[in-house]
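Each remark here refers to the structure printed beneath this line.
Every chain is named by a letter (A, B, C, D and E) in the order it is written, and numbering of its residues begins at 1.
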Amino acid sequence: MPDVSGTKRITDVGPHDYHDFLHPVIKNNYGKWKYHEILSTAHMVHVSETGDKIYSVRVGSPRLVSGSFIKDLCDLADKYSEGYLRFTTRNNVEFLLDKEDNIEPLMNDIKKLNLPLGGIGNVVANIVHTQGWIHCHTAASDASGVTKSLMDDLYEYYIDAKLPAKVRIAFACCLNMCGAVHCSDIAVLGIHRRPPKLLSDKIINLCEIPSTIASCPTNAIRPDTYNGKPSVKLIEEACVFCGNCFTVCPGMPISDPLNDGVSIWVGGKVSNARTKPSFSKLAVSYLENDPPRWPKVVEAVKTILDAYKNGAEKGERVGEWIERIGWPKFFKITGFKFTKYHIDDFRLGEATMNYSAQVRQ
Amino acid sequence: MPDVSGTKRITDVGPHDYHDFLHPVIKNNYGKWKYHEILSTAHMVHVSETGDKIYSVRVGSPRLVSGSFIKDLCDLADKYSEGYLRFTTRNNVEFLLDKEDNIEPLMNDIKKLNLPLGGIGNVVANIVHTQGWIHCHTAASDASGVTKSLMDDLYEYYIDAKLPAKVRIAFACCLNMCGAVHCSDIAVLGIHRRPPKLLSDKIINLCEIPSTIASCPTNAIRPDTYNGKPSVKLIEEACVFCGNCFTVCPGMPISDPLNDGVSIWVGGKVSNARTKPSFSKLAVSYLENDPPRWPKVVEAVKTILDAYKNGAEKGERVGEWIERIGWPKFFKITGFKFTKYHIDDFRLGEATMNYSAQVRQ
Amino acid sequence: MGKKYETPLLDELKKGKWPSFVAEMERAAETSEMTGDLLGQVEQSYKEKMGHWKHGGMVGVKGYGSGIVGRFSDLPEKYPGVKEFHTVRINQPSGFFYKSDSLRKIVDIGEKHASSLFNFHGSTGDIQILGVKTSELETIFQQLVSFGFDLGGSGSALRTPSCCVGMARCEFANYDAMHICYNITQAFQDEMHRPIFNYKFKFKFSGCGNDCTASIARADMSIIGTWKDNIRIDQGMVKEYAKKMNLHKYVTSKCPTKCMNYSDTGLEIDDSNCSKCMHCINVMPKALRPGIKGGATILLGSKAPMVSGPRLSMVLVPFYDVAEDAKNGYQWFKDFVGKIWEFWDEYGVNRERIGELIQRVGIGNFLEAIGLEPLPEMVSSPRGNPFVLYEDYVEADEGQGESPQG
Amino acid sequence: MGKKYETPLLDELKKGKWPSFVAEMERAAETSEMTGDLLGQVEQSYKEKMGHWKHGGMVGVKGYGSGIVGRFSDLPEKYPGVKEFHTVRINQPSGFFYKSDSLRKIVDIGEKHASSLFNFHGSTGDIQILGVKTSELETIFQQLVSFGFDLGGSGSALRTPSCCVGMARCEFANYDAMHICYNITQAFQDEMHRPIFNYKFKFKFSGCGNDCTASIARADMSIIGTWKDNIRIDQGMVKEYAKKMNLHKYVTSKCPTKCMNYSDTGLEIDDSNCSKCMHCINVMPKALRPGIKGGATILLGSKAPMVSGPRLSMVLVPFYDVAEDAKNGYQWFKDFVGKIWEFWDEYGVNRERIGELIQRVGIGNFLEAIGLEPLPEMVSSPRGNPFVLYEDYVEADEGQGESPQG
Amino acid sequence: MTDETKAQLEEAIVNLIREFVNRKRFKPGDVVKEMEVKFSASDVTKDDVKSAIRELTDSGRLIYGYAGGSFLSLPE
């Protein structure tokens, strides 16, 4: 690079000023939007107080993309929206058009690229997911593979609005949950089921012992010595396989191909509409990893989605539907087994018991 | 007593068989009641599938009564209900009549005794209360005195059904809560505000040290020695003045006339109707003891009751009303000050934060 | 016997419309000198704003470890009448039903051998005779037993179970609360009178979800009526109610499960979704009745705040067929309670109530120990955190295995 | 560049209608040899059902302590192309808006100096360039800076704040989320690039309660739009909606505060009781609009489960007048955040997020430290247990006093 | 802060890291707290320490490391 070494380095310029990236119609109507209308699952129009309109065409993306993919998008943007486009908070792509006439040709071009048009309204939205085996060291499952397998199967729900309300699915490959797994309508979570191994040589050299001990949610890690140096020991019966110790201490690897897999969670949401935001709750406590297409995971998610589609009233999110029919019925109609793992025995778990005689018989 | 000493003592006979105490109409229609009708706040009729009817006339009682009081009741029962009567779970008296004609004369006689007729329907029910200074060693306030002062003032609400729904008031003189204080529409609770004194001589002789330590909810009591014997010390900053240590250890008296008093709680319920049972929540964190008539307590309860009466919809219990209008408004209209004491910082307290953007502005 | 002390503060509490406990104390003082001294001591408490009772004290009747609450004044010289002022707790009859003759006998005892003061009733349900001297305890006990009454509980023992009026006078009762209450109180006399528990244990029986004994807040085991079949609807009467009130606003929209619908064709209830909350029935008792397949939900664990905060009872057995078990002398119930007490005995510590114990050891383990399946009815929702203590895993090349601790 | 390895398992993931990340990897492999090796290693992971990345690793650009996630293969001999395969995190522009020219420049960097693989976007919001060798880091950084992009956060530092599309394209936005997001991102560059916190800190800005950035679940500080005045109602349009749907069933009865009423005279809202949940507006966007006195509620503390369980953010400031503060360069907000960070700095421990710290030290103490009044808006309900740590008391003959720690 | 104190401060920071190498990881926050104590006599502020750290990292005398949390370390 010509302008670098030796000279004073430029730092802390921060993100690019978004003003440069706003379509003129957006600039002119910033803060003046009056209402929107969803025209299809793939496009909507926002109408301004000034009468101006902006059309958004939404396209699905696998998120992990090549440079060529982005360049394809740029080409389309140059052709139909003066180069302007945006991404959504769930990794969809939105082209912003001021000319209604451009919509159809754009959509046709998108179809030619075999990209999915959809994602607006009462659909299964694009899955928020994480790195998995592609890039992360603590993954108990792959992220992109599960996501792809699911979206292939749920494709019809992305391009058509067949559901009672929005369904947000998320995937995280470990309990760090680098996604909104803990508050999603349906969530898939990579899990371990065996305690970490203790590689004492590594532990004494690479790990800060106090942080390692503090990392354990159940206090299963206790101080110890090894070869005269501070180390740790493990109360295996107390381990909940969270992998947090491995995050801070490379000497405690926890992956175990035989026992790693995923659990499935339901009924979380983040919006404040109607009901308060809420956590996803455990539905299926364990499914083994079965790459490349994770049929068991796909089936479980499909089971939930079908039950929801058949049972929910219009406008009810997954969690709202389950609350109305009750958890016993949810387990009954999905056929998932309710076990002691489903009963929260962690810190605030007590707050989740049924302290009432309100029981469906 | 003639039949006692020397001979084999009779024990474990248990409670008297209730069958002996059932009015014949009740016996004949046991389990066959079809519906009831509330005829006034003081009487109701239950109608059986057989067509039989039983009338119940309800009378208020201070619960702490003399033998003469009970004999008065017995006289009335003998006169009007073949000697049959019962008490309710809230210490009211019920005369059970099969003859409608007896109702009025009975009521007249009750009035002559200056006893209150009422307590049925949407009233302030009789206050469930405890022993107080009359009989208990840990009382932070008196029970009967506060109850009497309140009921005098709320008399109209006992004899007339002027409220949107039932209002259950309870009083307990210390945190042991020998009443349903923790789940009442309105509750008055005797409290201390200073740590116990450590009478070390008593502690080492009269107290079991491990139980004393275990009795503390905040772990403020720690092992110590005194004159070479096992004793305890106190982390005063951690004490929440609960008095549980005094219950197990006479060497830790906690009463302090200057700082004892009561707190006021609202919005609890135990019925499963509509909403789940719920705890009473802190409304007023401290009012000083002002015997003999506790005007401040009476005023605070009255304030709640008035606000409730004016604000609630028909059928809403106090807690249901507050949930609908929101706690901020409750504090606003009652004028009670919301303080950090109102924010739950105890064990499951975290579960009570507002984890949503649902906020009335 | 005249007034022994000036009681200007207490006198204030004789004013007002509500019957006065001070007046009652004065009436009692007419027959018992002790009570005169009580008035004096309480007046002093009112002046000083503090109680004047000593900490506890060991008293009781021979062979029993409970039923008496010992109480001694800390001013015995000044008020000799309250030097010893114990309470005798007496098992109330099921449903608090009495005939005047029995009541008079109890009153008689209190007037002759105690302060003439009573609680009808104590918060747990007992009849309480206040102000008993140690020397009178045995006499009182013997007299009570002679006409079929017995002491209640105190200390680390079972407390007198209590129940609502139930089938005796309530059309909502889904099982015979008075009968089972009486039966198990008799069956567990030993557990009530000879303290062997870690702490107290309370039963309360309510015939329906209205829970008129407040069992869900005040009993270690709460037995609350429910039903399995459909709410019985009298559509004609529903129409009558509809004339007088907005059924939508006051009935259907308040249904917690939103399983009701009212329209011109009448009231429809999706009973499979009804959680038996009682609301609709409460509001329209002439039109709606619980189903006929009655029974009870058994809940466990409520108690006052000490030590870990107040508790409500949680669902343990969604449906208990009480009538069926009655045929067998409630044997299933007694065995069930037995298992719980055994667990409590084995794992509980001193002064630990069952609700606290369960939470300490984990509900999963508790259920396993007493042989109950985990059920979604037990929770308001499944866990929201991923810290699951999995016990199943696969060993290399071995297929599904069990953990060492499993 | 042809196929380097057989990838039969991954090939399965090229089938199906959803765009395939495997296909994308193969496309990337056309311009970057590294990516060919990535395919090989991932195929092996699919076979063995486990990842093949080593634990962390120290890499970064000079002077910055964050923005790069170091990643090393544990099979470097077998797959030399992924021996070093770091991620470069890049601050996305507010609202994820782009013009094609800038995007092309970023792509260009990734194709020339890395694996040609990208995340648009990472879960926190950054653009991510995957597969960067240590030697390329400085070059990439310099190039980014040259056209006005910069690195994001990682490690114990601020993360790139993110926001919803807000006023740029959403009629529901109650404040200018994109503007404040950009402003504070610029203001806190130092905190993002030079880790000095106990752990990570995230901001997310959503223009209304729909919270399209999921801020309440995923940001230490969640800034969510709200309004103070009345919902703007177009009664004519309400009538139009009423023709198409049952307003009672789908709108008013789902209002969480039951503050709406629809009748022949139109829609009435008791705005003083409206909790700004957005539901009614969502359902009838042509008839209803938020009020004009917009602002935001500030909430604190959400995060993923480690160590003490997942958290949502809780209300801290019910109403923050964003527009007013904007006039001042958001100085109030910056000071406010500063106080919180100071508190965190002083009392927090290593790897303790702010939400965990507050609960550990007690919300009351936290509020006192940062100078906020306790408000009922902060809680869903006041405390239900009586264990209150009273700090006020009276000394004998002295009147109201303060406790030593008070 | 004088230039002299500044140099001393930077020196002290590097020494601290060196002294505990392989024994304790110093988060920048830890360093700030250590230095505030050590230089309490010469009114060194938190910001002074922060800018010293910045100078050290900008010049490459110290680098940032990461292991579950960020810390300061000597260049390899």
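Keep this in mind: a contact is a pair of C-beta atoms (placed from the backbone, for glycine too) under 8 Å apart; a residue touches a chain by one contact, two chains touch by 3 or more.
This is a predicted model, so every value here is computed, not measured.
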item	value
Set of chains adjacent to chain D and to chain E	A
Chain pair with the higher count of C-beta pairs in contact (A-E, A-D)	A-D
Farthest chain (mean CA position) relative to chain C	E
Distance from the mean Cα position of chain C to that of chain B, given in whole angstrom	13
CA centroid of chain A to CA centroid of chain B, Å	49
Residues of chain D whose C-beta touches two or more other chains	56, 62-64, 190, 209, 211, 216, 224, 256, 275-277, 305, 309-310, 312, 350-351, 384-387
Overlap residues in chain A, where contacts from two or more other chains coincide	9, 175, 177, 182, 211, 215, 217, 242, 247-248, 250, 268, 272, 276-277, 279, 346-348, 350, 355-358
Chain E, residues touching no fewer than two other chains	58, 67-69
Inter-chain touch pairs (all)	A-B, A-C, A-D, A-E, B-C, B-D, C-D, D-E
Partner chain A, residues of chain D touching it in the complex	9-10, 12-13, 15-22, 24-25, 27-28, 30-31, 38, 42, 45-46, 48-56, 62-64, 71, 85, 87, 91-104, 106-108, 110-111, 116-121, 123, 125, 130, 138-139, 142-143, 145-150, 160, 162, 164-165, 167-171, 173, 176, 178, 182, 185-186, 189-190, 193, 209-218, 224, 250, 254-256, 275-279, 282-283, 285-286, 289, 304-310, 312, 349-351
In the complex, chain E residues that touch chain A	22, 24-25, 58, 67-69
Contact set on chain A toward chain E in their complex	9, 205-206, 208, 211, 215, 247-250
Parts of chain D lying in touch with chain E, wherever the complex brings them together	56, 58, 60, 62-66, 70, 154-157, 190, 194-199, 345, 350-351
Touching residues on chain A, where the partner in the complex is chain C	175, 177, 182, 189, 191, 193-194, 217-218, 236-242, 258-259, 263, 267-268, 278-283, 285-286, 323-331, 338-347, 349-350, 352-361
